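Presented sequentially are two complexes of chain A, the first with chain B as partner and the second with chain C.
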Partner chain A sequence: MDIAFPAVNLKGVLPQLVVTSFAVAGLLVDAFYRSTRMVFAISLLGLVLALLLFLSNWGKDGVYEGALLAVDNYTVFFNILFLLIAVATMLLSLHYIDLTGVDSGKYYPLILFATLGMMLLVSSMDLLLMFLSIELLSVSMYILVGSQRERWVSNEAAMKYLLMGAFASAFLLFGISLVFGATGSTSFIKIESALGGLAGGGPFLIHIGIAMMLVGLGFKIAMVPFHMWAPDVYDGAPTPITGFLSTGSKIAVFALILRLLMNPFSVPYSQWVVAFWVFAVLSMTLGNVAALLQRNVKRMLAYSSIAHAGYILIAVVAMDGRAMEAALLYMTVYAIMGLTAFGCIALLAKGEEERFSIEDYTGLAYNYPLQAVVLSVCLLSLAGIPLTAGFIGKFYLFSAAVKSGFIGLAVIGVLNSAISLYYYLGLMLRMYAMPTVAVEGMGHPLVGKLAVALLGILILVLGIYPSPLLGVIKEAVAALPAI
Partner chain B sequence: MVTTSHYLILGSALFGIGVLGFLMKRNVIVLLMCVELMINGAGVSFVALCRQTGSLEGQVFVLFAMVIAAVEIAVGLSLILLIFRNRATLDVDKLEVLKW
Partner chain C sequence: MSALGGPGELLKGATTMDISQWPILSMLIFLPVAGAGLLFLIPWRGDFLPKALALVVAGLNLLLSLALFRAFDPSSSGMQFVEKARWIPEIGASYYLGIDGISLFMVLITTFMVPMALLSSWEQVERRPKMFYGFMLLLEAGLIGIFLALDLLLFYVFWEVMLLPMYFLIGLWGGAERRYATIKLIIYTMGGSLLMLVAILVLYFIHQGQTGEYTFDITRLYGTTIPPQALLPMGLAFFAAFAVKSPLFPFHTWLPDAHAEAPISGAVDITGLLIKTGAYAFLRFLLPLFPEFSISYAPMIVMLALIANIYGAVVATAQQDLKRLIAYSSVSHVGLVILGIFVFNLQGVEGAILMMVSIVLASGGLFMGVGMLYKRSRSKDISQMGGVWRDMPLLGGFFMFFTLASVGIPGLSNFVGEFLIFLGAFRANTFYGVLAAFVMVLTAVYLLWMFWRVMFGPSPAVARAWQDLSIGETVTLTIPAIVILLMGVYPKIFLDRIEPSAKGLLGHVEKKLVQREDLRAGYKSSTGEKVHGHRLSSR
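This part shows the complex of A and B:
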């Protein structure tokens, strides 16, 4: 059998190569010099360089047919988003990990590797690259979650995450093998053409394959009923990593699901709409109701992030051009909100001790005015109050659902937003209540404060003036094949 | 005559045994072994379907899947070591500080 060596276009993958080499360089510097600051600088430099390279790629279309990965506006948009998420995570980690005993020499390069996994995941045009990048992302995340080696909860969270993640990956792998068997290829383009000619949504085998892939991917986005790991892992992980996990890795897998349903699985998808409808409703409702009952702030936000995955699933159900735009907008907005919320919590830590319990937040606003204001803006935005980015995101999402005829889904979404208002506002009011015990203030580093302040301002700016972002998103969605 | 279906049944059986074991066993190391069984069940079905469809992609996939399985086990074992050092237990039911 002849195996033709593919033409390599290094320019397309240059940003990914930059991230890889800077991550490796960071590990080497850590091995030889053990200088945390240097590792931080190298990792940050790698991310910024890749960001600049991607910005220069914007607008140049080109799907590499027959190749493993695509470079188009859709992937460039998400890649830029992931790099920004990674930069924000690093800035928020800077002080936190020094306080909490994390081996920081490996921490920053691992963030880069996880980012690389996300970047390759959205770009992949082949099930092989998809599987490998999901694993690169997951394995880096397992280690990051467990990076507070002396803290039992961090160990426990990492172990649970690894067990559930590996279990889910095995499902994904088996699903891929069945899809491969039904279509004879792992390339998205070839799968699509093999499925295109089939009537009735394709053979039975492909549906079992898709179901098993859905279990695997559903675990990664923590949609109900595959969400059990999420609250434990989000709770036990170092707080900046919780933010990274709940935004970056979730958005990466969502972006992949959207591409999968748009591209190779558009034919069989018609029979899956009902399933996604059920997942969306379950995720929204269970996430919000469980969040209501929490007394631990990190767990509350973990359940709320399950609910937000449910909101994004609304767009997956509707699945037309407008819904795609709404999904991209909501993911961007959610990334900002998630990072801000967990970033604020990281910056409210008092030395090694974090404030987990909701009672600890009483009257915090008097000692930490900046964090309290930013967290309040973020909570309002998560609840979807007008003039915040969260409102714009939800507005587009629900109106896309209504216009596609899923009115029931939009109504359930709105009702869920109303439920969520209760616990978001509850936490916010608590911060401004009179403190019952004296809260000791603690100085926090300027970098982290600046980062959350910037994110908070971004929430407000996007809430008032979203049109530039919407324009960019329109161009990103236009790069995908029309539905 | 051994056909592709037989291999698929073998692969599914391995996968199923892995799933059952994962849900029923309590020892962390046994859980990792069950995941390994699931991945290898997928591998068997990959190779069988590969022979049927006559494309090489599936076999390449199996090689990568084996590497991935090894990576997961390596990280898993180091976490097990950490947990054993802190609590001297391998029982998943003892991972109970974080709950609901």
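This part shows the complex of A and C:
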């Protein structure tokens, strides 16, 4: 295997470099000055700068040939999304982590490293870079999940995540090596041309390779049956990180899966439709049914997040232009919803303690009106009630499924939505019920409240007037090779 | 659409008039929304101001709808006061509103009943009246939206969103078993309508396949030819969504629970307002979109309707709880409405529309009476009442009036609707007519027996000091009573406006059916025969 030093266009990776250098700068500042505020400011500045750079990249022609990285509207779209997710996570963490005993000097730079992993992952055009990005993302996440060193659940979650994640990475790596063995290359473009000429979707080896990779990637998106880790990790992690993990990390891997299926594996994909169909149905159904039984809000949302991965898999099954748009739309919407939900939970904490149990939410609306309203909007959106972004997202997904002829899948999807109403609306109603015991109010930082309020408004705006976002997504999808 | 010969004719010729310079339909929807926004957002002190504000908003909406009624052109069968704007152009969804003779009275009865419900709950909502009134206004907006939407996606949005205020109203102010009741309500109704969403999408893509245009505009979708293999599942999905909400037997089981647990004034709206969205949707969507389905499965639907009619009446007889009794009487009455719709003649459809309006008034009046009784007795159990007439003759009088109206005494509103439905049923099939008329007797039995037990039955030995109606309560009950009388004595003002639209609807269904028969002359001779037996007839 010859690895020529690729002619990297430095301008193309400038935003990634910015994020890297600001993350390192943050760590150094922490090492020498131990000023949390400064680390926070530096990290935020790095994210914002990268965001501006990406915005200027929007709409330009794609650059792929001979490069490891793709810079086109598709990747720029996701990069911007990840940066926004990271900014939101940082704003929501601001007060929370000080209260819960997290070493914030490492916390913010690690968020930057994780974001860098996502950014590189979605842009990678080579299996090796893909693997490296996933590892960068995962290792940062392992540490972030365990950053509440005083709480043993946090440590347990980190350990569980690390062990399972390492196992999944091994599968991924094995899959990559098999694909390399079958095609003789790790570059997406070369793999595609090697597979393009073969009848029957390529040799059997490639299918084993894809299966192995799917195990590794399926673990990262918490797709049933590779979901076992998710509830424990989501429950144990600091809440803003749970939001970050369930949105950013999941979306990054999904974006990669879509790219893989579009680009190098478009030929063998046709034989994997049934498998994805099964995964979609399993994820939706198991996620929703398990969420019904939870008494812990974070675990409930963890299972619901598994179900949402199942919804996005509907688009993977349908896989045409409309489905791609639906997938991008749903991921964007899901990012907003996930951040809002976990953000609200973080902002409903009483002091150092979080409210886990569903019973703790009884009558909260009267002491925390803002958080309760935003969380209600978010739960409605998660349930897919019209006039929220979640409805538009689900509508697009189901219409993509119907258009491609997977009406059965759409029916299973809507039935799952009906099941999910039970626990989403149940939690919502509970917040507005009369409190049985007096709920003590407690102040929360204005920044966090503003952030969730903004997210909540965004959910409503996108639900009522989604056209601008739809236009952007259309352009992003147009950058991919036509199916 | 052009190839199919202008099926949009039903809605052609949208007339414009003086006040139609205003976006009056949007105002009807957004005025309550704005009112609710004010109620929720302003930190009010005390309860009186928010209550008064809600009442003023609801009253203004009523005036607005009366202005609409005056400006409405009774001679036209088309959509009037049409408003159309782009909403999500990417998928062809538009903000498209319009009103015709079918929806006119649905809107009017909604704008009429909401202030009534607010009035009747004036003294009764102890906890957080501000929120209660806000949700009532949101409910009103959602209901009006359902009746005015001419875009299938917009309709779906209102159809689903309307359930949320309902959910809150029952879930926060309901009885002891409210949690169970709300969950049942939501799972039933949303589960039903989510399947409809899939059917809407299938219809959307079929239409796109035939015309190359992505649209949710129902006037365009009316022209879609549904492939025969898709007809049954799609029709069923729509039918189930509407039947759950109607509620038609055997999809009715959520209603008695929701009804029994609902707050008194919220329940007025459940019986009347929520329910008639289902029957209305049959007329507006199922019949014109799936005429073949509607006609070929009409005998089965009519059977269900008749079963509902009898079953509701029989079960109502056995109820000890007043609210449950009225809920089952609604099940029974709704059966009659659906019978009227699916006999496919002018009398049936007109009767059904009139009946929908009338049920809201009569059951609503009855319900408000029960609410006032409940306020004094803290009980809905019939055995706890007895001898109420002696203590409260005024309430007894009103109670008798509404009971008789529900029974269908000539001169009161229910009679006109029932009579027209019987007429239509007899014309379609003597058996239907006989059976439906027989149920009248059962209705009289359970209602009058209930009345006797409450008013004259042996009263419990406990001493009670129940005050008769206050002036406010008397006014609240008098207003619907006047309208019931008006409808019963002079139904012409209603029928005049309903008739052109009802005719237009039936004409459209028949025309589309004939086209289909021409298109596929050989298709399924067996159903063709059934269609013939059911040949539509207009007066």
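Structural remarks
To be clear about the criterion, the second predicted complex is superposed on the first by the 476 of 483 C-alpha atoms of A that agree within 3 Å, B and C clash if a C-alpha of one lies under 4 Å from a C-alpha of the other, contacts with A are read in each partner's own complex, and residues count from 1 in each chain.
Throughout what follows, a contact is a pair of C-beta atoms (placed from the backbone, for glycine too) under 8 Å apart; a residue touches a chain by one contact, two chains touch by 3 or more.
What you see is a predicted model; the values in this text were computed from it and never measured.
In the superposition on chain A, A:L132 makes contact with chain B only, while chain C stays out of contact range.
Comparing chain B with chain C, more residues of chain A are touched by B. When the two structures are aligned on the shared chain, A:R149 is found in touch with chain B, with no touch to chain C.
Of the two partner chains, chain C is the only one touched by A:S417; chain B is not. In the superposition on chain A, contact of A:G426 is made with chain C only, not with chain B. In the superposition on chain A, A:S185 makes contact with chain B only, while chain C stays out of contact range. Shared-chain residue A:K160: touches chain B; no touch with chain C.
Partner chain A is touched in their complex by these residues of chain C: 88-91, 127, 131, 153, 156-157, 160-161, 164, 167-168, 171-172, 179, 182-183, 186-187, 190-191, 194-195, 197-198, 201-202, 204-205. Chain B contributes residues 8, 11, 15, 18, 22, 28, 31-32, 35, 38-39, 41-43, 45-46, 48-50, 52-58, 60-61, 64-65, 68, 71-72, 75-76, 79-80, 82-83, 86-87, 92, 95, 97-100 to its touches with chain A in the complex. Residues 1, 127-128, 131-132, 135, 139, 142-143, 146, 149, 152-153, 155-160, 162-163, 166-167, 169-171, 173-174, 176-178, 180-181, 184-187, 231-232, 235-236 of chain A touch chain B in their complex. Within the complex formed with chain C, the residues of chain A that make contact are 380, 385-387, 391-392, 395, 398-399, 402-403, 407, 410-411, 414-415, 417-418, 421-422, 425-426, 429, 432-434, 465-467, 470-471, 474.
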